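In the two complexes below, chain A is the common chain; its partner is chain B in one and chain C in the other.
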Partner chain A sequence: MYLYSNIIGTFVFNQNMQIREKILFSKSDLKNNYKKFQENELLNSEEKLLKKFKKIRNLRTDPDEKLLSKVFLVMSEYDKEFYENNLYVTKLQIKDSITQDLLIVQTIGSVNELKKSINLLSKRLREWYSYVLPEVEEILYDHFSFAERIAVDSPEKLMKDFKLKITMGREFSKEDLAAIKNLASTILDLFDEKQEKEDYLEKLMEKTCPNLTEVAGFLTGAKLMAIAGSLRKMVMMPASTIQLLGAEKALFMHMIKGTKSPKHGIIIEHPLIQRVDRKDKGKASRALADKISIAVKIDFFKGEFLGDKLRKQVEDRFR
Partner chain B sequence: MRLYNPKFQNVFSEKGKRGIKLYTENLTPGIQYFDEEIVREKGKEYRQWDARRSKLAAGILKGLSQTGIKPGQKVLYLGASHGYTPSFFSDIVGRQGFIFALDFAPRVVRDLVFLCEKRNNITPLLGDANQPKTFASRILPVDIVYMDVAQKNQAEIFLKNCNMFLKSGGFGLLAVKSRSIDITKRPKQIFQQVRTKLEKEITIVDYKILDPFERDHCMYVVKKN
Partner chain C sequence: MYLYSNIIGTFVFNQNMQIREKILFSKSDLKNNYKKFQENELLNSEEKLLKKFKKIRNLRTDPDEKLLSKVFLVMSEYDKEFYENNLYVTKLQIKDSITQDLLIVQTIGSVNELKKSINLLSKRLREWYSYVLPEVEEILYDHFSFAERIAVDSPEKLMKDFKLKITMGREFSKEDLAAIKNLASTILDLFDEKQEKEDYLEKLMEKTCPNLTEVAGFLTGAKLMAIAGSLRKMVMMPASTIQLLGAEKALFMHMIKGTKSPKHGIIIEHPLIQRVDRKDKGKASRALADKISIAVKIDFFKGEFLGDKLRKQVEDRFR
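Here is the complex of A and B:
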């Protein structure tokens, strides 16, 4: 007697390879069992049948090619079950694959895109408003304060505040001016949105990967994770790969054409590396990437908090 | 418009101004999955198969002598991605055939699930092609193994899966991406390396370089004894 189980159920075959007994899986069975398949554990239905029939060989854990080929001949009647059960299990697997670190990747992506949109729209706003008061555009260098003043104040008030006597700009009707002001207030909303997302990101990072946040800072840490793809992928990377995340183009040019090798990728944004001398930047980023790699591994496998120690080790070296 | 049947079953081709276009008959008329061109003729619907998006189509246009794909067969597709090529496989094997489409990344399998819900001869699997044991209990022995994964050990993964799941006499198709094996070496050198690895365990039937449809790619057709 032989026992065989796959995604559609558990079967008992007699010596002539005919089905003696079968348990087809329902959806709730699959929900409980699909992880056991991957880890080659004993299923509940297998246990039940192993108790019922004493002299039996489990072909799943103890395979035999000749017997299995006969089993598969019988199995090919069950195309419909294969279709439905695999579809269901795949859906469950996709559900499992959505982890907290993917939220970080999405959030940092939206922060970066908000930054880009703000810059793009601010440029347009400056060009547009220069028809009204070109002098103010020169004085207010910061995008945020520029948009803030324009959204609130009228051109006359701005002229008074900045002590302008004549202007190169033309007078605008109320309707034309309203169009510019609307754009300015949209940009201000985007600034608010970006700030909100950054606060959320900081909370999320501190919760899911405290060690990485401590060593790399929440923004740099999140950017590294976004380039790697997920926390899991980053854990499997060696420190030297983490050091060069974000410098892929330079790295491959080095490999193909023999240009100079890059020393750092996105990691250069870290304040520690910004601070050290130029000649030490390569060394510092190597040391920091090393600690980041350790920190990420602690976070993924839920170890003790060691972030402050790791951070101190790098900081002591480059003082 | 004239569609005629070349040596590949259920694959139709038409001579256009810019070379040959390939078509398959749509299994689910009225549903378009990607932005492919749809042609209606004598009450039947055909979907255009773009050789720049699918390596198998590129191989057919480059003149592969045979692919071994016939209606009613079971196929294991490794590296299914969004399901562009699998959808044409599903047209070719028809309602009697069956396709197990596997990919590693949850993001693309999500798209694949929507395709599979509309076609009942193709089922999605989320798993690692490098570890056949993890999905062995979810599939059956197959007549065709098609592999298109961008991994460094493509040849080894392919042989592993052929040994485990391919029936004897079945065909295997391997799309090799030389850039993901070694970026510094010349593509032809890599193709030769793959050939020596394959020849040790399996018979090579045909080999074509996929330029200009795919750069630095080639396709091997093998047969299991």
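Here is the complex of A and C:
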């Protein structure tokens, strides 16, 4: 007597390799147990089987796994079930592969794309509004405050506020002006959406990778993870690769054409690197990338929180 | 006695080139009269002067314009006024140079940029939502309906509507789902804004260049004008250039590397060109560009409406 479990169910074979007893799995069984398949554990339904058929004696599990599975495979009556259950489990596996860090990658991606859209439309707004009040463009150099003032205030109000006596702009009909104001409002909506995504990103980062967030900051940390592709991929990278994430082009130019090798990728955005002298930026990047590499590993393997200590170590070194 | 007018005012010089009488212009005078400066007409203030100083006899206007202006320029007492008035008139000229067709160029530009932003963010939305319900992406291939369904309906509703039994997507927390739904709403806002700009563009086109709009359609017409830069620039172009607007890159490649010469630029978007056989597309583009060239000239010089006739002529030829 042999006991054999696979994706369809648990089977008891006799010496002649004929099925004596079986318990077939339902899809809900699979849903609950497919992780155990992964880990090659026996399914709990086996216990059920044992209880159900107490009379079965001399039961040996896994005497010749290969033989049993071969025997099983030639029994075409189970083909359809085998195919369907396999497909189902594969889908469950895909479901499970969507981890929290992928949400971070998507969110930082959307932040970047919102930023691009804002820049694109803000440039258009500035060019367009220069027909109304060209003088304002130089005063409000920040895209957000520019869009905000245009959306809310009339040209007359702006002229008064900025003490402009004469403008080179043309007088606009109400309708022509409304078209510009609407564009400004749309840009403000995009700014709102970007802010909302950044807030959400911060929460995600603090929950999923508290150590990375503490050491690199949530925005830089998320950008690094997005370039790496996932937290898992980042864990497998040496610190020197993390240091250069975002400087791929410069690195390839270095390798192909022998230009100077880059010292830092987007890690340079980190306030710590921003603060140190130019000549120390390379060193500081390397030290920070080291700590980030450690932080990422702690996060991935759910270790205890050490982010503050790691951060302090780099900060103390480059004070 | 000589009478001399310039941007500051009207002056009466005696034989010794000394100022006998003067009327200085105020800024409001300038505002009303600067077009006459443009056309080298005398200012009406001259008449005022004549009335004011009836006693002045033997008055000759413009005996030696060059000499008078030279004499005037060495009198440094008027320097400041000369500079200020000139600046003022220049500003008025700039004001006047903003014509309706520039609004069209800005509007079509904003439509293009909104389209770019929509594409950018829609791609992100599709990638992100594929973690929730990857199966929907293939069904809703249109960006608008995709964003609309995501923004409004829950994943459960979508699964029911599209008869999906199992999904490879993960279950999302309410907050994680909200982040995606908000992105979808933002995309819908951009679609709204784009529609609004297209409506506004259509009105502008019909008002400013009714003939071009009738022949080329408002969207293609506006795109052509945007590439040309302005209605004025388009008027000065030969029909063959209009035919190739938007195919600059292919044309330069033809000129430099001897690749095949392009037969049409964005004119190919026109429904007429879309309809004809492939081998006739070149001919039809040329014929259409001819009529567009005529339409643009009528619009620029405010001629009577002939757009419908021009359009019919090409349509009859390529039926």
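Criterion: the second predicted complex is superposed on the first by the 275 of 319 C-alpha atoms of A that agree within 3 Å, B and C clash if a C-alpha of one lies under 4 Å from a C-alpha of the other, contacts with A are read in each partner's own complex, and residues count from 1 in each chain.
Following the convention adopted for this analysis, a residue touches a chain if its C-beta (ideal position, glycine included) is under 8 Å from a C-beta of that chain, and two chains touch if they have at least 3 such contacts.
Predicted, not measured: the structure shown is a model, and the values here were computed from it.
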{"item": "Touching partner for A:Ala179 - first (chain B), second (chain C), both, neither", "value": "second"}
{"item": "Partner chain in contact with A:Met75 - chain B first, chain C second, else both or neither", "value": "first"}
{"item": "Partner chain in contact with A:Lys91 - chain B first, chain C second, else both or neither", "value": "both"}
{"item": "Touched partner set for A:Ile7, first chain B, second chain C, both or neither", "value": "first"}
{"item": "Which superposed partner A:Arg124 touches (first chain B, second chain C, both, neither)", "value": "second"}
{"item": "Which superposed partner A:Gly169 touches (first chain B, second chain C, both, neither)", "value": "second"}
{"item": "Partner, of chain C and chain B, that touches more residues belonging to chain A", "value": "C"}
{"item": "Partner chain in contact with A:Asp189 - chain B first, chain C second, else both or neither", "value": "second"}
{"item": "Those residues of chain A which chain B touches in one complex and chain C touches in the other", "value": "91, 94, 98"}
{"item": "Contact footprint of chain B on chain A as seen in their complex", "value": "5-7, 37-38, 40, 60, 69, 72, 75-76, 79-80, 82-83, 86-87, 89-91, 93-94, 97-98, 252, 255-256"}
{"item": "Of chain C, residues touching chain A in the complex", "value": "88, 91, 94-96, 98, 102-103, 106-107, 109-110, 113-114, 116-117, 120-121, 124, 127-128, 131, 166-170, 175-176, 179, 182-183, 186, 189-190, 193, 196-197, 200, 203"}
{"item": "Touching residues (chain side chain B, partner chain A) in the complex", "value": "74, 98, 100, 106, 109-110, 113, 116-117, 120-121, 123-126, 133-134, 137-141, 183-184"}
